[in-house]
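Heads up, there are several structures right after this.
The following pair of complexes shares a single chain, chain A, combined with chain B in the former and chain C in the latter.
Let's look at the complex of A and B:
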């Protein structure tokens, strides 16, 4: 059933005016977006960003590589010493450690949730630009060196989003 | 000239009109579309076949990819089917948390659809507004799950995280903001005479045609059929929630849009009820909870997260089959799993709402103007990747 009122030109004119006035009202409200490289939105605690790997508490169980839905996590075989070298048997024995391929990672966080010793944990950053494909692949050594950190020419202003009844999300300076 | 020579075949696409690649093959006589055939399949991702090569838990991120925007509802459909196969049920609090995320996703998915519809009509204001208001729910979902869209939040036997501290207050502010915003949407877009002129009486789907063609979701309800899986086959916390099935009688493009707006209002009410009534308790099923060592149980209580027990990553459901359906934002989604007792499904089938609604292109876009194509397309909230799977 079409609303009859819409056939009246006066009613339609009112509709146009309402639309324009509403638009005008929002002309003076603050901008919703942030200017990214100068301003960075702080991600919430528990955000599933890059993964931090603590090799010293890793027990080489391989659950992270098993659960990975994107085959991003892979177990690498490592030896502390090569066979034939003068070294204790413990160091010659091959051990397996996870490495990650960030070209494949989908940040589902299953590896972090399944890790039985807590050797894997998310950090709250996600914005890193790589110059080439291979640098996105982290074998265990590089993986253990810590998650990649975003680089900015000038330190950005950090903003924390909070819900706001009038604006939806209001950004407050975080530091 | 003969009748034949009047008619020109116009290939619209393959391109990315607004939401995923597709092609429309239109036969036009001047400015009048005589017939139109959707040519789908450009974003086919072999989800069903890929699922046969993956462990059950690895399928969760996979099935979230096709229906992007509406990830949680599809995640839920799959997990419900898998739980039926395993013979387990999530504890009450997990059920309520699932319902909460499903409704939050419904709100931002509807805003996504409304925004796309807006830009198809040439209203970039509606597009910008809807995409901003979508951000409110995405921000809150990010605090709950740790990701913006691909939540992978629901796992067999429960959910992965509990509510973060202070979530209720933030959600309350967000919902009040959305409620304030909707009247302004009416003024600037829904009740804008331009929108009315473009949508009213355009692409009318009659009630009996909607039923005959097997249409689902808001498109069906806009033709006056009060069919909603949340009511006819309730799951999770829906039986305990008080909500209305939004319907309209007109069946035109405007009615389809307004049903979505009505559903946003209903979801806002539902989220309020959920946060008020949510029971306390564990968020993971007992048999899996038992497998977690005590030192992690403390950590879990402190961080309000769960640890995945190793048993969950190599689930071996008994031989058999299971089916589950949910009311996703775009309509009824059906998940069907056949298990042969191995850690990977023997057969996996997804019937998404978009594939059931795609027939409307052929049915509705007929004897209308070329400019009505985007007006009707947008009103269907059709999402090619979801249909192609």
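Let's look at the complex of A and C:
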């Protein structure tokens, strides 16, 4: 207690009244959150969601797996098929490709930053529900097939957050 | 057949069954429980600019969220820990809930409808209400858990700190009205003024102590979720946990009814309406509404206050509320002597 006025009971009583009045004021302030599955907010540029992997420009350097602080990115040994062929030919040398485990990923974005060829990139998606842990692990093949998409029962309304002088945060329809 | 129905209806409407079982007893206590917990969450959410419970019955803003929660508690397995004292562990919550609501039987709901009228019905309500915390101690001890024990001890500290000033401030009103009969108190208030206008000090003290004794914020010290998990109720699960959680709300309900009778004129003033059964329904409804407003005010505190430490709460109770309650007795005497002059 740095302010000496707090030692006076009258001042403290006023503090209690102030607190209750502040609570009452916020009771009639408009809400600052949105009803998520029906309304979604537009995410800012550079949002770190799920990761998109472009296998064709990956050079198998393994930097992403090295840098990953959560051990979510892992190199798999694979023999890739030539374009147009079903299975890889016997004589093709196995190569290493990254796969991701979203049960561990903390969406820090280090792998995206470190990738020398830009084979990894964030997408906006961040809201996908899985039924079990195993389906959250993406070996290189599935990883390259693109990031998962969220499923909504009805298409949600999109809202854009804006700064409001008085209220702080406000929302306006995005389209 | 008609005779049987009438007989059953008569039985239900007789005060000795209606009061403990329907209103203000068990059934309305449950209804209040369902409403007030939802309302508390909704209110806290609104103050924090969120939505709160919404998806169970969306049109009414998730109003039956608590029914869903109750069903979940009912179907969850109540686990009894190996090391716990089985008897205390299982019967503790049941007795806690029962003793929280038992005081409702002595609360009259109109001039001529009560299960129990006596010269000392105020003392009966207060006394029965003091039973409940003892079972918190039993639960805390019986569950053989550090957090439970700490929570139980905290309850032990708080019982004396809240019940004594609460008795004194309620008795200040008894001094003022010159009776401890709750029915007579309402009668006198309708002749004079509401108790809250006659002795505001006692009303404020009683209200704060009500928060303290039912562990509403800022005195949610016994449970203190972020420090000692859930205090005495740490080991509980399933419907046994549901009972422990409901008990403090039921106690709040009974005390709110008492507050409405002591300070807010009970079932007076009655709206001038006439319809069949209005002699029974109207006074009860007025009393209920007043109690409901008090309860809503108490749960609103959750949105405003953080939790006091136990020493702060004890200091508040012993240094401020206890002297205030004694002062309120003098205030009563002063008002009384002013009245007779």
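Rule of thumb we're sticking to: the second predicted complex is superposed on the first by the 135 of 175 C-alpha atoms of A that agree within 3 Å, B and C clash if a C-alpha of one lies under 4 Å from a C-alpha of the other, contacts with A are read in each partner's own complex, and residues count from 1 in each chain.
In the analysis below, a contact is a pair of C-beta atoms (placed from the backbone, for glycine too) under 8 Å apart; a residue touches a chain by one contact, two chains touch by 3 or more.
From a predicted model like this one, the values you see are computed outputs, not experimental measurements.
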Superposition-derived comparison: chain B or chain C, residues of chain A touched: B
Partner chain in contact with A:165 - chain B first, chain C second, else both or neither: first
Which superposed partner A:22 touches (first chain B, second chain C, both, neither): both
Contacts of A:31 with chain B and chain C, given as first, second, both or neither: second
A:92 touches, of chain B and chain C: first, second, both or neither? neither
Set of chain A residues, in rising order, touched by both chain B and chain C: 19, 22-23, 26, 32
Residues on chain A engaged by chain C in the complex (per definition of touch): 9, 19-20, 22-23, 26-27, 29-33, 35
Chain C residues touching chain A - in the complex, by the definition given at the top: 43, 46-51, 54, 300-301, 303-305, 320
Residue ranges of chain B touching chain A (in the complex, touch as defined): 54-55, 57-62, 125, 132-133, 135-136, 139-140, 142-143, 146-147, 150, 152, 160-161, 164, 170-171, 173-174, 176-177, 180-181, 184, 187-189, 191-193, 196, 200-201, 249-250, 293, 299, 303, 305-308, 310, 312-314
Sites on chain A touched by chain B in the complex: 1-2, 6, 12, 15-16, 18-19, 21-23, 25-26, 32, 43-48, 63, 66-70, 106-110, 113-114, 116, 118, 122, 161-169
